[in-house]
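Structures for review follow.
What follows is chain A paired twice: with chain B in the first complex and chain C in the second.
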Partner chain A sequence: MRSSTSGRLFHAVAGTISVLWLLPIAAVIITALRSFDDIAANGLAAVPQSFTFAGFGDAWTNGGAGAMWNSVLVTVPTVFLSLALSSAAAYALSRFEIPGRRTIILLMLAGNLLPPQILLVPVSKLTELLGIYDTLIALIVVQVGFGLGFYTFVLQGFMRAMPNEVQEAATIDGAGPVQIFWRIVLPMTRPALAALAALAFTWIFNDLLWAITVLRSSSVMPVTPALLALQGQYVSNWNVIAAGSVIAAVPTVAVFLRFQRHFISGLAVGAVK
Partner chain B sequence: MPRSLSRVPPILLLFVLVPLLVEGFWVFWPALQGFWLALTNWDGVSPPQFVGLDNYARMIDDPVFHTAVTNTAIWLVLFGGLSAVGGLGMAVLLQKERRGVGFYRAALFVPVVFSLVATSLIWQVLYQPGGIFDSSPLADPDTAIYAVLVPALWRQVGYVMVLYLAGLKGIDPGLYEAATLDGATAWQKFRHITWPQLSSVNSVVLSVIVIDSLRSFDVVWSMTRGGPYHSSELLSTYMYSTAFQSLKLGYASALAVVIFVLAFGVIVTYLVRAFREN
Partner chain C sequence: MDRRHFLRVTAAAGAGLLVSGTASCATSASSGPVAQTAGTATIQSNLSAPAAKAAIDALVKAFNDRKGSQVSVNTVASETFRTQLPSYLTSANPPDLFTWYPGALLTGYEKKGLLLDVSDVWQTMGDYPQAFKTLSGKVFVPTTTYWWSFFYRKSNFARWGVTPPNNWTEFVELCKTLQGKGVIPLGMGAGSDSPWTASAWFDYFNIRINGAPFHRELLAGRQRFDDPKVKAIFTPWREILPYTDPNGTAIGFQEATTAMLQGRTAMFLTGAFFADAAPKDALEDIDFFRFPIIDPKVPLAEEGPTDGFFASSKSPHVKELKEFLTYAATVEGQEVYIKNSSGTILPTHPKAKDSGTALVKKGRKHLEEAAEITQFFNRDSSDALQPTADAALVKFLQQPDQLDTILTTWQKAAEQVWSS
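And now, the complex of A and B:
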């Protein structure tokens, strides 16, 4: 009997907190589905008198679609390049006696821990100097450079834990280091790569600071900074603003739901290491 | 460390050098420039003028800098402290695998995947006059910083919870069983088993929290731009607007150095721990 009482108490407490946590999301989805006239006439807190996708339509056609495409153009290459470069570095640093390997690993990690503020002014000037300021290329290379240290650190830890025997057997069979990397180590690293890819996707997709540091034109802005512009453009059109934030959240929520386990393990690995 | 493979094929040097050069070019080189620019007066157009430590001296008489420092401290204590306590509390509550626990964990975690900009807009909708409040708490200089803090916390608690859940998973269930046999209360179990066993996760959470607090930018920038009247300014937002709106690039770089100095201790601690484990 005692256990069922404590069970009921548990569900009451955890359930209340969960509902409180989800309430803002529900409120925003409801707001997004109301019409402007309804909100203007009855207020935000009123029981909805309308149901329309007009807010979504406005947010999507007024920059949303273009911004989403820019986000794809930035996020996909950035995730791919980051993981390609960092897994190569991690392989060499974890499986071979590279001179100064510990120092290199920690130096790379240290770079990722720097507060980005110290880099903003020089990085923005550097992109101007290279003639890539206000292009998506600038945003890609900056984010690849800044993220590499963390990904390399996590991946080398993972690769170091692999048994030596596989590599030795392959070496005896005449496989070179590059072949071993490509055919053996990379496939075995897949769980870690999946976790990092899911994490990197959300980080890059959600980025605001780097985007507004190296980009200026609204035509090249990805979703996250574009959302800010939408807010300025649709002052007090709360249905459009709410719809915009729902649209911006859909890709990361989808990745999270699809790769939930990888995602959570990635977060934990990254921090507990 | 695999001892058997000590000879390094030359191609592997490239495997290391290319990523290292990319990071060097986009992180280390700009960081060094940042420290140098902090000693100059620069508008971004004419060449930077060396002014020594003038930028730092200026901070002493800059009221906005004082507000930003105070708010950053508030942010560290409230954003950091409450997300740690809330995250730990939720992790302990949702630790045991039982019916419904997956849903509760997911509910707390969902906001973590939203961007802070989307989070800010969600809460801006909630804060509008005629919603929960008669007038927006973002518009009042006395409440703006706290109004911005709530959405940031809403998102961070789930993240810290995940870190603690991973830590709690690593605790030997035998310890709890033994304690139950000895008649220990729930609080005694927490105090004498859970808490000491979490010491390494605690230090990780501490570093994550300090680094995240000092980096916090998006949520304030999206909701208030540091206003009204700089009342919700953090060091990070003040640095950004000084650089890219006021175009005082030297002073902005000095503000960035201040953020770096505040983060330095934590970065070193984090690296020392990483070094030990390597």
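And now, the complex of A and C:
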């Protein structure tokens, strides 16, 4: 009896929280399905008087399609490169007695604590000096550079928790460091890699700051600055912006759903350690 | 499982990386201004609103169709543009042309040698009034302008049985009558992302009472915000505060427009650009009247913000960009732009046709009647001074009895901006 009352209470509270949580998302979707004239005449908060998919079409043709592709071109190589580099670094830092490795790890972590805002101007000037300003390469390089510290830190913690015996056994069997990394450490790190990949994908896909710092042409802008560009100087078509936001959210949601299982198990493995 | 599977996935991802790597190289080569080699001048545009974007695209297309020099347009969000403009201008390879407005900011960049002297474009602009020339200096070419005034719906005024006022006393009477009918007389959209709209009220009270020359001196830092003359303009403002939308500092400009269109508020002091936020069928019902005259001895001044282009002094495409500026300043270029815009903006060329609606014709006459044109608070001062005005005026709207403190704080904040 008691348990059923508390169960009901739990569901009531959790249900209310979920509804509150989903309310903004519902508002965005409803706005996306209204026409501009309806919003202009009745206001954003009014009961919808129209139903149209025109906002999605507008957002897609007003630079949405190109921006989406640019985002993919930036995000996929960046996630891959940063995980490849940071897992190699983490392997070296966690499994070998490298002199000063604690300092290196702390330095990497310290770099992450710097607010990126103070680096905007130097980064923009640097990309210009390298001749890659306003190219997607610049954005990839910057994103990889800024992600490495954190990914390495997480992965080395994870790899350090692996039992030494596995590595020793492999060494006895004649495996070199590269083989151990490739055949034993990497496969064992998969949950952490998957979790990090999902996280990195969301961060990079949703980044705005670096994109507008190193890019200037609308033809190379990824999806977040393109969304911002849908806002006018004075007047914004909220239905188109809402539709654009919905479109922009699809890839991250898809990636997250795909990696959800790994994500949770990755977190759990870290916790038990 | 899966080592093999894992390797296969890795290999596939690697291949994908290679492909996308080359693809992004191709993209950068074709579009990055850094790799720019062809004789095409680039316009960096902040006209990201759909209507304005369509207009500049049409102008560029008309120019390119003449088979002379070629330009391309690159639109970024106006907010991104505003914050990134300094880094665009100081970069080694900046865009050639920029959309912007004349004012203190441009003068600053001109002094640093970052802007191109376009005096020879002005040689072709003999028809332009002296006022535009003075405003633009040597570095700016104005193409469009618009006006500020009280906008209202004709049908609503007819329904309430009221007519537009001719002076301040009539204006206050009108507010009183409307409030008696249960309507909020004055709309205000100084909340959300548009606190700057309150500055329009400040500008107008100041140019109606103290005149445009004093207003400009004040904004340039040669007068003080805690001056008794500035304090005096808040007396009539206080008089109409009870008639102002109490939600005015909570809602943004776009919502305030909706409130006026729905008849919840009766009139709304705003720029003609608000028409972009109105449904097309409502536009025919819109009319306006000028901010009422308070002191008839003060020469009539109106706010008429002007927009146009300036060029970077580092541009390697001087010939192309000047050809474009010349075209944008002609009757033909301006008419192409106006025809493809939302239709409430005015051309700067005195002979260019506007969109021809009754509203726009009246707006053009409205500006021509003025002895003096001011730009707008941030344009006559600077974008750095605007936030000090926003803070002061929004506070005044909420706590009008704190006026003395507000003005002292404002003066202090302004001094910091001027001395930096």
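Note that in this section the second predicted complex is superposed on the first by the 249 of 273 C-alpha atoms of A that agree within 3 Å, B and C clash if a C-alpha of one lies under 4 Å from a C-alpha of the other, contacts with A are read in each partner's own complex, and residues count from 1 in each chain.
Going forward, a contact is a pair of C-beta atoms (placed from the backbone, for glycine too) under 8 Å apart; a residue touches a chain by one contact, two chains touch by 3 or more.
Everything quoted here is computed from the prediction, not taken from an experiment.
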Query: Once the shared chain is lined up, is A:233 touching chain B (first), chain C (second), both, or neither of them?
result: second
Task: Decide which partner touches more residues of chain A, taking chain B and chain C as the two options.
output: B
Field: First (chain B), second (chain C), both or neither touched by A:136
entry: second
Message: Applying the document's definition of touch, where does A:113 land relative to chain B and chain C: first, second, both, or neither?
response: first
- prompt: Taking the superposition as given, does A:15 touch the first partner, chain B, the second, chain C, both, or neither?
  reply: first
Message: For A:187 in the superposed arrangement: first (chain B), second (chain C), both or neither?
response: second
Query: Between chain B (first) and chain C (second), which, if any, makes contact with A:76: first, second, both or neither?
result: second
Message: Tell me the contact category for A:93 with respect to chain B and chain C: first, second, both or neither.
response: first
Task: Name the residues of chain A shared by its contacts with chain B and its contacts with chain C.
output: 43-44, 121, 124, 212, 225, 228, 231, 236
Message: Using the touch definition from the top, list the residues of chain A that touch chain B in their complex.
response: 7, 10-11, 13-15, 17-19, 21-22, 24-25, 27-28, 31, 43-45, 85-86, 88-89, 91-93, 95-99, 102, 104-106, 108-126, 141-142, 144-146, 148-149, 152-153, 157, 160, 164, 167-168, 171, 176-178, 181, 202, 205-209, 212-213, 223-225, 227-228, 231, 236, 238, 241-242, 244-245, 248-249, 252-253, 255-256, 263-264, 267-268, 271-273
Statement: Note: in the complex, chain B contacts chain A through residues 1-2, 4-9, 11-13, 15-16, 18-20, 22-23, 25-31, 33-35, 37, 44, 90, 93-94, 98, 100-101, 103-104, 107-111, 113-118, 121-126, 128, 130-132, 154, 158-159, 162-163, 165-167, 200-201, 204-205, 208, 211, 214-215, 217-218, 221-222, 235-236, 239-240, 243-244, 249, 252-253, 255-257, 259-260, 263, 267, 270-271, 274-275, 277-278
Query: Once bound in the complex, which stretches of chain C touch chain A?
result: 2-3, 6, 13-14, 16-17, 20-21, 23-25, 27-28, 31-35, 44, 46-52, 74-80, 84, 87-88, 91-93, 95, 253-255, 257-259, 261-262, 271, 273-274, 276-282
Message: For a test of understanding, state which residues of chain A touch chain C in their complex under the given definition.
response: 36-37, 40-44, 58, 62, 70, 72-74, 76-77, 80-81, 121, 124, 128, 131-137, 140, 183, 186-187, 190, 212, 216-221, 225, 228-237, 240
